[in-house]
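Just so it is clear, A, B, C, D and E label the chains in written order, and each chain counts residues from 1 on its own.
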Amino acid sequence: MGNLLLQMLVATMTSLKIFGLTLLFSLPLGMLVAKGRMAKNPIISNVVNVYIMIMRGTPLILQLLFVYFAPYYIFGSSYDRFTAVIVGYTINYAAYFAEIYRGGIQSIPVGQYEASLVLGFSKAHTFTHVIAPQVVKRIIPAMGNEVITLVKDTALAQTIGVAELFRVAQNASAREFSTMPIFIAGVFYFLMNAIVSRSFDLLEKKLNYYR
Amino acid sequence: MEIITIDNLQKSFDGLGVLKGISFTLNEGEVLSIIGPSGSGKSTLLRCLTQLEPVNGGTINVCGQTMVSSTKEGVVSYADKQTLRSVRLNLGLVFQNFNLFPHMSVLRNITEPQMHVLKRSKQEAEKVGRELLKKMGLEEKEKAYPDQLSGGQQQRVSIARALALNPTVLCFDEPTSALDPELTGEILRVIKDLAKEKMTMIVVTHEMAFARDISDRIIFMDDGLIVEEGTPEALFGNPQNPRTQKFLNRYE
Amino acid sequence: AGTKEQAPGVDNSLQKIMDKGTIVMGLDDNFPPMGFRDEKGELVGFDVDLAKEAMKRLGVELKLQAIDWNAKEQELNTGNIDCIWNGFTITPERQEAMTFTPAYIHNAQVVVVRDDSPYTTLASLSGKTVGYQAGSSASNAIDDTPEFKQSVKSFVEFKENLTGLMDLEIGGIDALVVDVTVAEDNIKRSGKPFRILEEELAPEDYGIGFRKGEQKLADAVWQQLEAMAADGTLARISTKWFGSDITVVAK
Amino acid sequence: MGNLLLQMLVATMTSLKIFGLTLLFSLPLGMLVAKGRMAKNPIISNVVNVYIMIMRGTPLILQLLFVYFAPYYIFGSSYDRFTAVIVGYTINYAAYFAEIYRGGIQSIPVGQYEASLVLGFSKAHTFTHVIAPQVVKRIIPAMGNEVITLVKDTALAQTIGVAELFRVAQNASAREFSTMPIFIAGVFYFLMNAIVSRSFDLLEKKLNYYR
Amino acid sequence: MEIITIDNLQKSFDGLGVLKGISFTLNEGEVLSIIGPSGSGKSTLLRCLTQLEPVNGGTINVCGQTMVSSTKEGVVSYADKQTLRSVRLNLGLVFQNFNLFPHMSVLRNITEPQMHVLKRSKQEAEKVGRELLKKMGLEEKEKAYPDQLSGGQQQRVSIARALALNPTVLCFDEPTSALDPELTGEILRVIKDLAKEKMTMIVVTHEMAFARDISDRIIFMDDGLIVEEGTPEALFGNPQNPRTQKFLNRYE
């Protein structure tokens, strides 16, 4: 039993690695995608829109299989499965984050841009110092939901053979012929999500110094 | 000395003329009020001047720099980026609905532009900021956030923010129209003080008594054109144009 | 099939492995006793022991890679793994698509039922519900037994044999078709009241699968197995896992 | 090829059945859950809150396994896998829908209740004729997102042995040594979601007769 | 005939007294205005009367039915559901911010309560609705939705909605305070017309001139108490209480 828990903790580390790396890459990539989606150039914005629609319209499992196996069939080369998991999750979540960013950016009143312009702010400074901080505050609830979904979605990495928490729980369950490990995994996911929820609540409160 | 010269300024939205050839000049230390019915193009005029809207024709000259000019054939050419930037710095604009940065404290709202645009040090910017807040009667509020202030206080912060960049001309677009009557007084007093200090200003307003009080000159606009122009005494005491007469009648 | 840099007709598969110094073996890490994870999370099992010894003798390092069994063909084809060695049944379709060694174990697909159930023959399962692991050779075995296939009411595919066994236990299915080795091992370790029908589905052979055309590599590995059979290593490993020597190499 | 498509169409019917039945049950159940969450009785509202947190905090796969196997281990009896899928999806989605309903109901101004009360409306009439129609309009975008997720989540039913679209695609893919079937499944999911999206857009437009 | 009798009405929020013993009567055909500073409890009084807030003490009697009564010891007892319902039907309330049903057309806003509460047929309800809309000068708007109307028009619809149920008394809580001055006129005219038709009404208002104009009697409230009560002439012409005097001074 102690051994099982240890094993599951190790697997949890894998799940957390997937979680962390996906966030690390998809959060900034999502911003690029959002910018693309809002681009004045209709070709760019339409292409990006199709990308977003595909990412949101097809199951993540399928995207993972595709990301892992398609490069071989197309380019004749393949790569590490963990890398594939990170790439798959990143491009999927970037699409979701992009739509959240876009909603946030478009909800900032035009007056904020006009005031910045008239005061002589550069475009970059306007974005980093005026718009972005306000966007962050507005998108926190939506981001919280998405990040919780990511915690749960890490369970799908086993599709291409990555031994994350849920895979290990299923193996242990097979070995010991008991549903207990799966149940324990459920508790782990629940705890991780409780932490994520709590963090977002705190962040939300912290940003409540202005309305 | 002429600070702003506008000649035959034209602006249309979707082909619909909103400014149909506006020409006037503004001299140093002068206070110019612009009055006129709703939709006559007063806000659009200020927005063209402050580069918030591109113009469709005409010339704008600010502090000796040509910001935009156009040929007889209607080809509009704006100055290079550098010049536009320097023109922008000569003009301060106070918005009707303040447009303060809600995530910055009152003081930071005033220091941020100084540090980023004028490259002042934080210390220097805060010194200037505190002086201006004092002048606006808000020395106690520097740590507050905009949403914790009344409308009138917010408007005074936004005036301080504009003044902190030392603009040559300060433009106001109906600075009191988002305020309830009680709060209007504070702002009018601040602008009056600025007028006394010989700040050059353009004030779009529908407070007739106030316009009469502070202005060196008043422009009456209707339907995208300047209908009448003159000293407050001339315009209010003896309006020449029937449209002016009719408009002012409503306010007696 | 085959790696793309390989010129047609030239089999440099062995050379490539020797140059690399490692061989990646793909297996389902949830397939006891052939390959599974022990309590420490280490990959162990009969096939794992065999492969370790064979590769040691071949002089290359063995890397074990757990894969999703449903995706094993893609894994092999895309070069993520070099062989599939995990109670891998030799079937004509698979022989079309990849290169196999000869059989090293005879296996059969058997039918597991609850001990208290009345079923004794395949025919007695007529009109019942039968399960098997998706993508496993159980599905081929069923296809090759048409009378049985037609008599059964419906089939249920599971991602895992475990889910299937649990489902059998709770009565969601009446029987599970599974490798005899797996069946015996599971009944032994779980202590659940299951039994195996005497009547077998298509008997079958386990082999080691390589990419199509990689005959030299397959031959080299097979030579090691023959050597292990000769010096009794094979019998020793078999006895450790199955209690007797059930291998068929060089017999 | 024609055979494959036919097979996939049949499996798509199973996916659609899961989809339809889940909506059929979880939409009304979600309303009950929302009412429970808003109950004045703190015991009820807390119990319901824990239920919602578990449903949102753990992977759906795990819930499916639990719903299917737990009754046997606890009560010694079991039931049909398809029923388990529907039960699992229903209790999961009811939790999500409940939170959407609750958000919608709480966003209706209290004045609407007061006006109804003063006019003499019964509580039931107030809910069905005044509140509910306004809630529907407000929650449509959020519901749209959730329903799209449901379409994709049907792919997880294979966990307990239901042969839905994605399972069949994976089998075909293994059989034919090709990613094509999986790709085709992707197109199917995409089309289903395109239809769902479009329907919600139309519904949204239809309800735009008032603001 | 006495339609409403309120005796020693008490109401507190979180232990803080808001109504501290209000007593008055309202006779048939009478128009009663309630004036007083913000926070004095005017809205709360109307809300207690219309059962939107539970009371903490006192008696309310409407059309001969006791809606709520309480013993000396402060035990409050409400009437049974049936009686409360019938009392509610005797009272119409027009909200400050209208509270129309945004998803129903103007006509449906007026017919829905008739059909559900009075069990009128759709035809009959629509006939009554159209008559009321005509009276309110809104016959053209029956198909419109509330958001397509100006504030004044919305308020008239909400008056029509209340009138459609034939209340014995119509209560208004600052019916013009959400309207800009231009639109205020329409509503005041409608209420004046109702007064002429001898509709019994209670009007909470801060439009002094209007209160003076329509009322048979005026109550001045301050801090949860009735400070002074009388005819418009008496109250405005010759207020007795210093607080009333001070309050009315501001409005001259």
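Keep in mind that, in the parts below, a contact is a pair of C-beta atoms (placed from the backbone, for glycine too) under 8 Å apart; a residue touches a chain by one contact, two chains touch by 3 or more.
What you are looking at is a predicted structure, and each value in this text was computed from that prediction instead of being measured.
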Would you kindly say which chain has the C-alpha centre located farthest from the C-alpha centre of subunit E?
-> C
Distance from the CA centroid of subunit B to that of subunit D, rounded to the nearest Å?
-> 55
At what distance in angstrom does the C-alpha mean of subunit E lie from that of subunit D?
-> 46
Please work out the Cα centroid separation of subunit C and subunit D, and write it as a whole number of Å.
-> 39
Taking each chain's centre as the mean of its CA atoms, how far is subunit B from subunit E in angstrom?
-> 46
Mark out which residues of subunit E touch at least two other chains, giving numbers and ranges.
-> none
Tell me, which residues of subunit C touch at least two other chains?
-> 71, 74, 77, 166
Can you tell me which residues of subunit A touch two or more of the remaining chains?
-> 65, 69, 73, 179
Hey, which chains are touching each other here?
-> A-B, A-C, A-D, C-D, D-E
Of all residues in subunit D, which touch subunit A in the complex?
-> 53-54, 56-62, 65-66, 69-70, 73, 148, 152-153, 155, 166, 179, 182-183, 185-186, 189-190, 193-194, 197
Sort out for me which residues of subunit A touch subunit C in the complex.
-> 3-4, 7, 10-11, 65, 68-69, 71-73, 76-78, 81, 158-161, 163, 167-168, 170-175, 177, 179
Along subunit D, where are the residues that touch subunit E in the complex?
-> 109, 111-112, 114-115, 117-122, 125, 129-130, 133-134, 137, 209-211
Given the complex, residues on subunit C that touch subunit A span 4, 29-30, 32, 36-41, 65-68, 71, 74-75, 77-80, 160-162, 165-166, 186, 189-192
Spell out the part of subunit E that touches subunit D in their complex, as residue ranges.
-> 50-52, 85, 88-89, 91-93, 95, 97, 99-103, 112-113, 116-117, 145-147, 161-162, 165
